[in-house]
Structure formats: structure tokens, C-alpha cells
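First subunit A sits with subunit B, and in the next complex the same chain sits with subunit C.
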Partner chain A sequence: MMIRTVLIALTLMVGLAVPLKAQSQGPLRIEITEGVIEPLPFAIPAFEAENGAASDVARQLSALIAADLIGTGLFREIPASAFIAAPQRFDLPVQYADWKAINAQALITGSAALSGNSLTVKFRLYDVFSGAELGNGLQFKGTPEGWRRIGHKVADAVYARITGEGPYFDSRVVFVSETGPKDARSKRLAIMDYDGANVSFLTGGEDIVLAPRFSPAADRVLYTSYASGFPRIYMLDVGSNKRQVLDSQDGTMSFAPRFAPDGRTIVYSLARGGNTDIFTMDLQSGQSRRLTSSPSIETAPSFAPDGASIVFESDRSGSQQLYIMSASGGEARRISHGAGRYGTPVWSPRGDLVAFTKQNKGRFHIGVMRTDGSEERLLTASFLDEGPTWSPNGRVIMFHRETQGAAGRSALYSVDISGRNLRAVRTPEGGSDPSWSPVQN
Partner chain B sequence: MPPRGVNPVHAGHYISGAGHLALIGWLLLGDVFSADPLPFDVTQAAMVSVQDYEALVQAARAPRPAPAPEQPEAPAATPVPEAPAPVQDAAAPQATPDAAPAPANETAPQVPEQALPPQAEAQDQIADLPTPDPIAEAADLAPQLSARPVPRAAERIAPEPVAPPPPEALPDPQRQDAITVDQSGERPQDPQDPQEATAPPEAASRIVTEADTPSGAPRQSLRPPLRPVAPSQAVARPAPASDPAPSDPVAQALAEALAAPAPAPGASGPPLSAAEKEGLRVAVSNCWNVGSLSSEALRTTVVVRVALDAEARPIASTITLASSDGGSQTAARQAFEAARRAIIRCGAKGFGLPSEKYSQWQDIEMTFNPERMRVK
Partner chain C sequence: MKLARHIVVLGTVLALAACTNPGRFGADGLGGFGSGAAGQSGAGDPGDPGSAAYFQQAVGDRVLFLVDQSTLTSEAQFVLDGQASWLLSNPDYRVLIEGHADEQGTREYNLALGARRANAAREYLLSKGVPAARLETVSFGKERPLEVCSNESCYAKNRRAVTVLTAGLSS
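What follows is the complex of A and B.
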């Protein structure tokens, strides 16, 4: 009896197992670990002009948006000559097959309407191969003079929607505009759009000015000036162009200032009696606080985006290296350990990386490393690369490069943090010490 | 016997010494090695000053009178390449050798007189030159045209009139019965006498190339035969109804279990080979562009499900994000969209999977892991 029962149970199990196995076959599973890295091809037909007055700006807008996207190195524009049929109306449905045929993976359509002193720009973004719109269409309004900012906003939206990165096209850069030979160079503070357009000068060329830094709201600029004969820190209001000196203790030199993320405190270096240390200053009260007290040179401080830590350079170990300490001072932790000298550290807006200048074997490099000093990567190499600044989204670094010789010229460059897409930034004169603003509102 | 007083042991020494002395004396006094001195020439050298040497060098470097160039004649009306007209400018630069400095009047060195090369005489005018034949000159300068190749007579491949078939070989007007498969297994008897071979139809009026004519070669290799049916499936066939009634409960349970619906033969089939899976993986990889992804999206692994149609093309509406790991929701969306673009783009013409294994690849779950692609 026992044997029979066991046999019945086994038989039932075998009978049930067959269909269960057939049902548990499941989908075919594959893993893909290798892909390609190439610019994403996109098409942007000329924006539709909803009225005759907007025809010029409509054409300029599409060109500006394309230039923004191409400038990232992540996108490739498909020329209009390859279009099979451009959409006649912004509101008409998209013929995806026409864009698939030319391998356009993204399609940007838009329209512009100019009425009096008001410019209205609409756009839509499509994922061609999915046959669907990416996000919702957006509309921007502004003045006709501000058409470039509107174009940058549209490009920002497209860039952020496709890549997932934060925007950065609608931002500005303050820098030192340089003219003349190296031994008699005139330096002026200048401000421009991120792509080099709309340059305006904040100071004349009478005094030597260095290292301008934007405030978090981009309404003020800190910089160092030799107007008094000694380096002093000044703060300039961008709107009114009024400036004030922040630290004027006799027998001291103050330089290398930066704003704290809250915009109410600055951190800077003060040299007194042959020793340089790092201080903070409350902008409202004017009270200073010493963060380091070492016989070595501590300078180039930069706040973390959360304001809790400061990265700076010091030669306390015998050579110039990078250190991180609390924003209130105290023990510092060395994070650079490679060969050569490290300087001008800048904390990424994302908080994960520190950009720096490295000098090794007679060459200068712009590099990045994690905040614990790991995963150091050098992005550039030249006779003199220096002064990195982060784009608002932490994806791009701008710096200045100086060529060799007495007639060497200083110019601004940008590079993706992957090390790709090194590009010169167009400026009317030579440029140095760039500082990138946050994205404008 | 040696003489007395001489040690017989040193007798040989004495004899040898006397012999050597005699030989040396003969060599010295006999004038054996005297010889007359060999004759040799003596050349007298003289000191030359620097100035004299320079004068000699200048004289040696003086240009020799160039052979008078031939003056080409002005081209006639013939069009071919124009020869440059001879320049008759009297002020044309002439190679005028610098006058060699006069040797200093130093007294000591007596420079032996040497025949100096003749001094080049500067000419004011170029000598009249014989006019070259313009045709000959043109023939030298102008590129020669190679003779145009004469086309070979091509064989005519147009249809030639075909000789008419022999009168006795005509197409059979009778209609042949359709061939049917005989199920009986018996070899049918030929219903009629064997037919004579008919003549081929006449040649067509156009050229039939190989491209128009199937070569008969297989266009694709044959798939390997299916695997033999697994024993479990072989026994899964229900027993015929004529089986004895299952009075035995074990046999009854077994019969019921085996009577459960087995998977249809077309639904399973042989599994995909490793090469077929690799081909699918490579096809999707080639279109998986991560260049425009954010840093965070490059740290996000997504699992995407997709259904394919019978021609191995992805059905866009079935592409869904099954799961993600390593990034935020936004990053997962970016990574999923890139994966979806890859699947649709490279699957637009089908992934080329074997149709007899459709059930194996009808539903696919792809894991896109960008770990190797991210920026370190």
C-alpha cells in the first residue's frame, strides 16, 4: 500500500512538471555591455515664423539651438539638404518615416511669433524611432532683444530632456580680458554669454585685475585688484557696476576670494608677515575668521556645494597639494597624491568631483578627481593650462590656456569631463581666469 | 781526446764560441750587407702665401665660357606651345667673375708657374642662336598623346538566329498529366508509351544573363535537422483508446498525468545557438549609443522587455522597462530611452533570427549594463 501511494505521488509530480516546465521557459535573456559613443544625430528644421516680422528671428533661433547642441559634442546636426520633407506647420503631425529615413534620432520643431515688443517661441521635441514626443512642448516669451536667451532656453530643454544632464546654455561667464604683450598686458573684467556672445566690460584697463568669481545668484563678482598697489579683494555689483573693497588691513595682501554657496560668506587668502592662510568673512558684518594657521602657504579655497567643506591648496607637505577641511577649519585631509604639483582646486556643482590644475614634468594639465582623491583623470595637456571653472551642470570645464613665447596669447577653452570635445571659446580679445555663473532664471 | 788543461766538458763551448766570433768578424769586416742606395726622386716644395693660394683657387673656379645657347626662333603661326622669345636685353645679368686678388709681392715663395684656366669673358650680348624648329620643340614639351587604343572587335552576343530544329523534333502538343503522389505504394504502370524528347524552345530575342536566371545554387544553407523528440515527450502521447480500462489506480493516475496538454511541437523547437544569441547581442550593441547619456544614466542598468514579430522585428509598443538599478528615476528613463532607440533602430529590418525558433526569441529580455562604457 505504501509503495502504491509513493508511486501515485511520483506520477502526479511528473505529470505536473511537464506543463510547468513549458510555462517557465520565459523570455530569451541577453545582456549588453558594449555600446557605441557617438554624437546623437538630430534634425532641426527652420522654425516656423507665425508672422512676417518673426521670419529672421525664427531662422536665427533654430541656428542658435543647433549650435548649442553641437557645441556639447554629444549631438550631430543633420543638414537641411538631407531633409526629405520639412514640416510646413508647427502644429501638423510629424511624418516619422521621413526622419527615420535620414537617421534623425531626435527632431526639434518650433515656431516664433513677434508681436510688438514680445517674442513668443514654441518648440516640440520628438524621439523619431519611438514615434513619440519627448516631453511636452514648451513656450518661452521675451523681448526681441533677448532672442538669444530664449534660444538658449530651448536648447537647454532639449539637452536636458535627451541627456538627463542639467542645463547650462543660458549662463554667463566672467573673465579677465587681456590685450597686449605679456610684459605689458592690459587686463579688464569682462562678462559674456557662455558661448562668447554679448561681451561687456566691467572695469577699465588701468589696474591689474585677477580671478573674478560669480556669486551664486550671478548678481555680484568678487575679484582681486592691484589698484592700491597691493592685491585687495573687491566686490562688484553687476547691475550697478559699483564696487567696494572688502579687506584693507595694512600690511596684508588678500586674494583668491570665492563666495560660499549661501552668498553671504566669502573665503579667501590673506598674506601677512610672509605667511598665507585661509580666512572667511561674513559680508554683512565684515568679521573675518581664520581657518588655517600654518607656516606654509594655504590658498585657492573653494567651497563644496553644500557649504560644509573647503578644498584648498597648500605646500605644507613640501610640495603644492590639495587638501579638504571643514568649512569651520580644523584638521585638513590631503586628497592629491600623484606626481607633480596640484593647485587651483574647484569643487564641482554636483559635489562629486574636484577640478584642479596639475603641473608635472614641465606640462600643465586640467584634471578632475573624486573628493577622496581617487579616480584622478587629466583632461588636457599643454604649455600652460590653468584656472578651471565648472559649468552649472558639472558636465563641462572651462579654463584658460596660454601659448609659449613672449608673444604668447591667453585664450579660453572648454572641455567635457570625459576629456572629449576640447573647444576654444570665442572672445574678442585674449582671456583668462574664467568663472561660470549658474543658469539664469 | 781533448788537450791537457782543457776541461773536456767545456770543449764544445769553446768550439762554438770560436765559430761565432769568426762569423761575426766576417760579417763586420767582410762588407757582407753593403749595398748601393736605391734611386729616389726629390721634389722641391715651395711655401705659398694665403693670397697666392686664393689667387690660384679663384683662377681655378673662374667660369668657363658657356657654350653659346641656341636661340629659339620666335614661334611661327603654328599654335603649339610658344617658345619663350629670346631676351635681347643688354642689361641682362651676366655672370661676371670677381677679379682675383693680385698676389702679394712677397719675395720668398717662388710659385711655380701653372697654367691658369682661361678667364671667362663677360659678354654684353647673347650671341645669336640658331633657331630651333618649333615643331620639334613642341614635340619635346607638350605631353605626348598616347595612341588611342583601338577597340577590339567584340563578339556579338546578341541572339543569333538559331538554326531551326529538325523537323522531326517538334514540341509535344499533348498535355502531360500532373504528377501526383501515389499513396498506395504501388509503382504505377506507364499509361502510355514513353515520349520522345522535345526540342528546346527557340532562343529569345533578348540576352538572358545569369542575373536573370536562377543559378540553382542554394541561397541559404539548410538548417540542421531538428533534434529527436525527447523521450518524455514521446511518451506524452495519449494512449490509444483501445487500451485496457485503467482499473489500476496507479495506471489511471499515470494516464491522467500524461494526458495533460504537452507543448505543441512548434512552440518549443531547438534552442538558439550561442552564435545566434551573440548575433542578436552584437546587433543591438551596434546601435546602443551612450554618448549622449548623463553621467548618472551611465551608472544605471536597465532591463528592457520587447516582443518581436515573426520577422524578428521589434514591436515598438511592447518595449517596456522591466527594472532598473543604480540611478534615479530620471536616469533610468534616459537609459531606457537610449536602449529603446537601439532596439528599434537596429531591429528595423529584423534581427535575422531563425524563424523555426520563433518561440525561443518571441519575447526577449535585454539587460543594458553600461558599466564598461561609463567615464571613469
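What follows is the complex of A and C.
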């Protein structure tokens, strides 16, 4: 597997020798919580190639950074055809008036140098209307093959600086890649960059595989496979592609696994005698522990980021609803109270929200609510939306949408937690069950 | 006579122990997991009451469920009565009961619901005297629909528990 090798060499170096000129004091700030967002216009001239070898990658870098920013729905790129400034040399002062005249509020400049197996990328971010650079310029070094990651790191720095949100572009998604008709669908585990680039497949499609989930360090993946004929939980090492079955008691089925934030414990559900309950397992000892023991269905557990609580779904009330209990089990409190059925809860990385799938009146929705069940908001609606996963910064949710009928097909989408900016995520085949990694180091 | 019966029992136990991923007879053969439509030929001559084809077509290998339910309807009980008496008179066979759900549900929940449905059929066969050692269950949730349209006419056929004959003594 090439997945990990490519980018290990990526390092973040201290800023350039340019002193910090001004703090962000001007208008260059997007408050995402506001009701209506007018995308912030920015300009990103093609990055300067410091040597001939870097000319292609320099251009590709600025295009990728622009795509990341535009993809958030919070930024609008001013096309190069509108530029009136002379080509911006990276080391020379910016002529703010030229950028003000075309209403570019943010200006991103950069350069790339390629020598041997080393790619060095520098960039600066300017608040045009304040006439000041934002923060220090930054320099990233990596391998040429890792250029996309460097671009995502630059875009993350710009995004974080302007929005005040955490970064999320330099991240990966593990998902199920689907081909074939509904009644004979072939499913393979696949892994890709958050934007759909660099796809590689982890399984071959001979067995049904479901719901892969990243470990906190994104080095392992839990998933459910029918390789034995029965649903069982497997853990796969992303670097070596080695896998092991975690639970294989006869007469049981295990599924819906997720890691605890410590990466050493998993939570999952196990069906025995028709009854499904929630268990945890210590990965080192293999010891499992029962957390629920009612005759109802308890499944789809997800840890809070502090590891102290678990949100899950149960039909103990007579219909599928969301509950929160202590990570050691015991009494659970119901948090979903609206009309319809609620499933697949996922605790946000910031800890403040739970994303879920809601079924009501024949439609499916992705929604979020606070952990006390208040402020429920539905972000999407379709024939079948399901399986939310959080971006590392808790701003964006990826999920899958299946279209109806015999030709129904499943695809990945993302949406901002404001409900804006619904976008299809590019995948080579159909896609389902995405799981978003943390930002990479 | 007595001796022969003992041998049969012993043989069943051996077959069980050896069989981790049972070969299957009947409708699901190449078409996937329990996906064969009724009328598709099972193994053997459907005119032979001891054949897998007979079990599938004449006895009936599947029962259907209401939305989000795992309760056996009287119709389902009638089919399972037939399955139980057939299995009791054909002791060479073991079965794998597959529980399925329609697409109108989330993935994990439907897996759990399919497990409930398969278990409801299993419990019923047990209550009619079919030995537990001959009954295995699995759930496919919404992963293997039989019908692919997105309305109730298809959903009704997909909410099912299918009794699939697996290799017994004769294999």
C-alpha cells in the first residue's frame, strides 16, 4: 500500500523571515454562524515557480488551494482574467490598490521550488482592505508526490486564519465503494483524500463489507465483513493492509464498531438469539464487556470525544430513538424527541453536537442536535440519506445518498452544519458509509 | 434400526463440526443470498418430496414480515409448520435462516431487525421440535434485497426470513 509512504516526509517549518505586520483587525473574517454567508472574494495568482522543474506543480498548487476554499461555500475566487496587478513576485511588496480595485478581500501568494525529491512551498496571506499581511508567511516541505497534501495544508492555514475554525482539508476518508445493481451489489473498502483524490482499495469485493471507521490516529480501520458467511468485526492496519477478526463467537453476529478516543477500546453491537446489545472490547486483552442488556435493539454506538459517554440508538421505546449513557453502561437518557425515527448517531469532534439519520414520512434526513436533544436541525432531505460522519473540525458532515428504484445508486455528499453547501463528493464508483479521519500530522 | 439411528446422529455431529461455511442448496445458489425468486429450481426433482427443490417450492422456504416487525403472521406460521415437518422427516439437512429487511431503514438497525426476524423463524422451528443444532441464523439487513423497486410491492417481499438448506449427511 502506498497510502502512508507518500507523505511521511511532510514537515511544517517555521515562518519566513518576514515579521508579523498586523493582527487580523480588519474585516477579513468569516463568522460562519451568521445567517447568510456572502462568500468572501479572494485572489490566488498562480504560484511562482522558483525553478523550471516546479512550474507545473506551482500552478497545480494554487488551483488545489482555490478548490479547497471554494468547496467550503465560504469563499469565491476572482478569476485571473480580472487581475490588473502585474504578476506578483512572491518576495516583493503587494500593490494593495490593484487588488482592492477588483474587490479581492483576501490575496494568497505563493511559490514552489522543486529539487530532487524535495518540494518546498511558501505562501503568504494578505488582508487587502486592511493593507496588511495576515500572520507570518509559512513554508512547507515535502516530497513531490505529496504536493496535494502540502496544498491542503496551505488551504487549511488560510481557512483557519480567516474563519477561526479548525483545519480539515488535509484529511482522508475511508468508505465503501459500490458497483452493481441493488440485489447483487459489490462492495469494497476504499480510502481517499477528503476531496476524492488518491483513491486506493483495501478489499477485493468478494465479501460484503460495511461501515468502515477510522481509528483516532487514522492508522487502523474497523469494519464489518461477511467473509466468514456471518457479519464479523475486523480491524485493518492501513499501512500494512493486514487484518484480524475481533469477535467470532458462534451463533452471534457483530457489527457497528467504532473506536474510543483512546484508540485502545472499541464499542460495537453484538446480536445473539435475535437480540442486539452494545459491548466494548479492550483491543489488547480481547476482553469484551456488555453495556446494555435489554430485549430491544441497541446499536450504532459512538463515543463522545472525551470518552466518558456513548450515544447510541435503541427501539426500547417502541421506535428507533437516540440515547446517551455512560461509557461504562448503566442508565441511558433519551435525547431524540421529534416525530419519526432516529438512527446512526455520531458525536461531533467538538463534543457539542450529535449528527444523526432521521426517517420521517417516507423521507430520510441528515440532522444535528445538541447533546441534550435541543436545537434539532435537519440539514438534508431525500429518498435515502444516511450515515453522517464529521469533518475533523466539526463544521462539515459527509454522508451517503441512495437514489430510488431499480437503478438506485449510492453516492457520497457533504454539507455544512448550517445546512448550506450540499456537494457531491467525487468517487470513482458509487459510495456509502464514509468515515472521516482527523487532520493528518 | 436402533443402531442405524445412532449412526445418523453421530454423522450429523461430525458434519456440523466440519462445516464452517456450508455449501448451500436451492434458490440462493448462484443468484446470491436467498435472492432466488419462488419457482426457480432448487436442487433435485421438485416432484421428489425429499428434495431441496420440493422444500423450496412446495413447502415454501420463506416467510414475510410487516414493516419494522418480527412477529410471525398466521400465514408465516403455516409455512413454518410445513418447514418443521419437512425438516423432521428429512433429518439429513441443516438450515441457515437468513433475516432480511427492506431498504427503508438505517444499515445497523436493519441488521439487528433481520437478526430478530431470522430468530423468530428459528424459535418457531425449535418449538416444533427441530433440534437447535440444525438451525443457524444470519442477518443481511438491507444488503440483499430480492426485489429492487422502491415501493411497498417490493418492500413486502424483501422483509423476509428465508430458510436455506445447507449440507447435511448426504454431502
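Points to keep in mind about this one:
To be clear about the criterion, the second predicted complex is superposed on the first by the 402 of 441 C-alpha atoms of A that agree within 3 Å, B and C clash if a C-alpha of one lies under 4 Å from a C-alpha of the other, contacts with A are read in each partner's own complex, and residues count from 1 in each chain.
Following the convention adopted for this analysis, a contact is a pair of C-beta atoms (placed from the backbone, for glycine too) under 8 Å apart; a residue touches a chain by one contact, two chains touch by 3 or more.
On a predicted model such as this, the values are computed, not experimentally measured, just so you know.
Judged by the touch definition given at the top, the superposed model places A:Leu422 against neither subunit B nor subunit C. By the touch criterion defined above, A:Glu402 lies against subunit C but remains apart from subunit B after alignment on the C-alpha atoms of chain A. Contacts of A:Phe129 after superposition on the shared chain: subunit B is touched, whereas subunit C is not. In the superposed model, A:Ala46 lies in contact with neither subunit B nor subunit C.
Of the two partner chains, neither subunit B nor subunit C is touched by A:Val94.
In the superposed pair of complexes, A:Glu386 makes contact with subunit C only, with no contact to subunit B.
In the superposed pair of complexes, A:Leu138 makes contact with neither subunit B nor subunit C. Interface residues of subunit A, counted against subunit C in their complex, comprise 181-185, 208, 210-211, 228-231, 251, 253, 255-256, 269, 271, 273-276, 297, 299-300, 313, 315, 319-320, 343-344, 357, 359, 362, 383-384, 386-387, 402, 404-406, 408, 433. Those residues of subunit B whose C-beta lies close enough to touch subunit A in the complex are 232, 236, 249-250, 253-254, 256-258, 260-263, 267-268, 272, 277, 280-281, 284-297, 305, 316, 330-331, 333-334, 337, 340-342, 344-345, 348, 360-373, 375-376. The touching residues of subunit C, when paired with subunit A in their complex, are 20-22, 31-32, 35, 68, 70, 103-109, 111-113, 115-116, 118-120, 122-123, 136-140, 143-150.
Subunit A meets subunit B in the complex at residues 4, 7-8, 11-12, 14-16, 18-19, 22, 25-40, 74-75, 100, 105, 127, 129-131, 134, 162-165, 375, 377, 395, 417-419.
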